[in-house]
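In order of appearance the chains are A, B, C, D, E and F, and numbering begins at 1 in each one.
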Amino acid sequence: MKISGRNFIPGKIVEIKEGATTAHVRVAIAGGTILTASITNEAVEELGLKLGESVHALIKASDVMIAVGD
Amino acid sequence: MKISGRNFIPGKIVEIKEGATTAHVRVAIAGGTILTASITNEAVEELGLKLGESVHALIKASDVMIAVGD
Amino acid sequence: MKISGRNFIPGKIVEIKEGATTAHVRVAIAGGTILTASITNEAVEELGLKLGESVHALIKASDVMIAVGD
Amino acid sequence: MKISGRNFIPGKIVEIKEGATTAHVRVAIAGGTILTASITNEAVEELGLKLGESVHALIKASDVMIAVGD
Amino acid sequence: MKISGRNFIPGKIVEIKEGATTAHVRVAIAGGTILTASITNEAVEELGLKLGESVHALIKASDVMIAVGD
Amino acid sequence: MKISGRNFIPGKIVEIKEGATTAHVRVAIAGGTILTASITNEAVEELGLKLGESVHALIKASDVMIAVGD
């Protein structure tokens, strides 16, 4: 499968926290940055996400902003 | 200023392409990944974005998906 | 590849209109509805999208609203 | 009321699951696809959403991606 | 029609700029803030948007961030 | 820090409701409108958000729709 979404960032899952309906999955990427993805609990279960697993974060280009300065 | 958005990824601008109203800004991040941000031309101009500039990509956690496998 | 995004809707491409940086791709789905996806020109080209091609529209659950009444 | 959002997909509600703050509403659309909308509990209550109710899923064009292949 | 999206902000259109596919519509709201909406040219035309028209900006709660400080 | 996101709306926090993973923060803006932001509990805590605090709602232009009529 190929996706029009432009941003695939490789990393490893370092935390999975399921809430009542919404889960937060943290992914360590190159350079020491930790990303947070807010997805459905159902997606966590259907994909069988596990700590330490290699995944990609996928982000549509129209959802990326640019920040400059501190 | 601090922002609730959870994902700040440091990088350098490697391409700026302005369209009629919408610009694509590419940012090289650690690990060799190039991100694409689709933002307004006006933001490019107001922030004075330049090739080679150090910036952060900012992404809200609810806009991040997880992809597994190839 | 499997994606955490919950909504995959099968259909056929009925129109591709590239702008300066942003393209609109229309996809006819079951029931006579035509969806519009606003994606980058680059994605149209990299995926080699063509009229009549069978594709899926992919939408993250947090981007779906519910409308009631007229 | 008319909305600039381009994608209105008719369907019927087949599941409503409220979490602590976020609800998942599933909508059966033509062709046998079930959509998932992640919305606030408050919206579920204010709109009085009910199982079996005819609704539309509403999605902004910039939130639709295209996937090709398997 | 009622929409699950939580944020309706009343205002008046003060600028419409159509690009090749994407339009920027600016809406003056209470307190002197000018909002920018990036929507399709097609939506501008189908809704017949005009300068000075009273409209609402509609934003899903999951698309709102909070910023503190300067 | 400057952000490419085009929409900063000043207001005061009037309610914070944390769920299992996702919080709803309500912000009163000029003209009597109350906005709802759905953000992570972690952001609420890291930013130390408090009732009555002056903040800005930040929204990317591509996440703003236009609604006309009733």
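The rule is short, and it goes like this: a contact is a pair of C-beta atoms (placed from the backbone, for glycine too) under 8 Å apart; a residue touches a chain by one contact, two chains touch by 3 or more.
Keep in mind the model is a prediction, meaning the values are calculated, not measured.
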Quiz item: Between chain pairs E-F and C-E, which one is joined by a greater number of C-beta pairs in contact?
Solution: E-F
Self-check item: Chain whose Cα centroid lies at the greatest distance from that of chain A
Solution: E
Quiz item: Counting a repeat as over half of the contact pairs in common, which of E-F, D-F or B-F repeats A-D?
Solution: D-F
Practice problem: Could you work out which chain's C-alpha centre is the most distant one from the centre of chain F? | Solution: C
Quiz item: How far, in degrees, do you have to turn chain B to put its CA atoms on top of chain C, rounded to the nearest 5?
Solution: 120
Quiz item: Taking each chain's centre as the mean of its CA atoms, how far is chain A from chain B in angstrom?
Solution: 16
Quiz item: Using mean CA coordinates as chain centres, what's the chain A-chain E distance in Å?
Solution: 29
Quiz item: Distance from the CA centroid of chain D to that of chain E, rounded to the nearest Å?
Solution: 22
Practice problem: Find every residue in chain A that makes contact with two or more other chains and list them. | Solution: 1-6, 19-20, 22, 24, 36-40, 42-43, 47, 58, 60-63, 65-68
Self-check item: Chains grouped in pairs wherever the two touch, ordered by label
Solution: A-B, A-C, A-D, A-F, B-C, B-E, B-F, C-D, C-E, D-E, D-F, E-F
Self-check item: Footprint of chain D on chain A - complex, ascending
Solution: 1-5, 19-22, 40, 42, 60, 62
Quiz item: Considering the complex alone, what residue numbers of chain B touch chain C?
Solution: 17-24, 36, 38, 62-63, 65-70
Quiz prompt | Contact footprint of chain D on chain C as seen in their complex | solution = 3, 5-10, 24-25, 27, 29-33, 35-39, 43, 47, 49, 53, 55-68
Quiz item: Considering the complex alone, what residue numbers of chain A touch chain C?
Solution: 1-6, 37-40, 42-44, 46-47, 58, 61-62
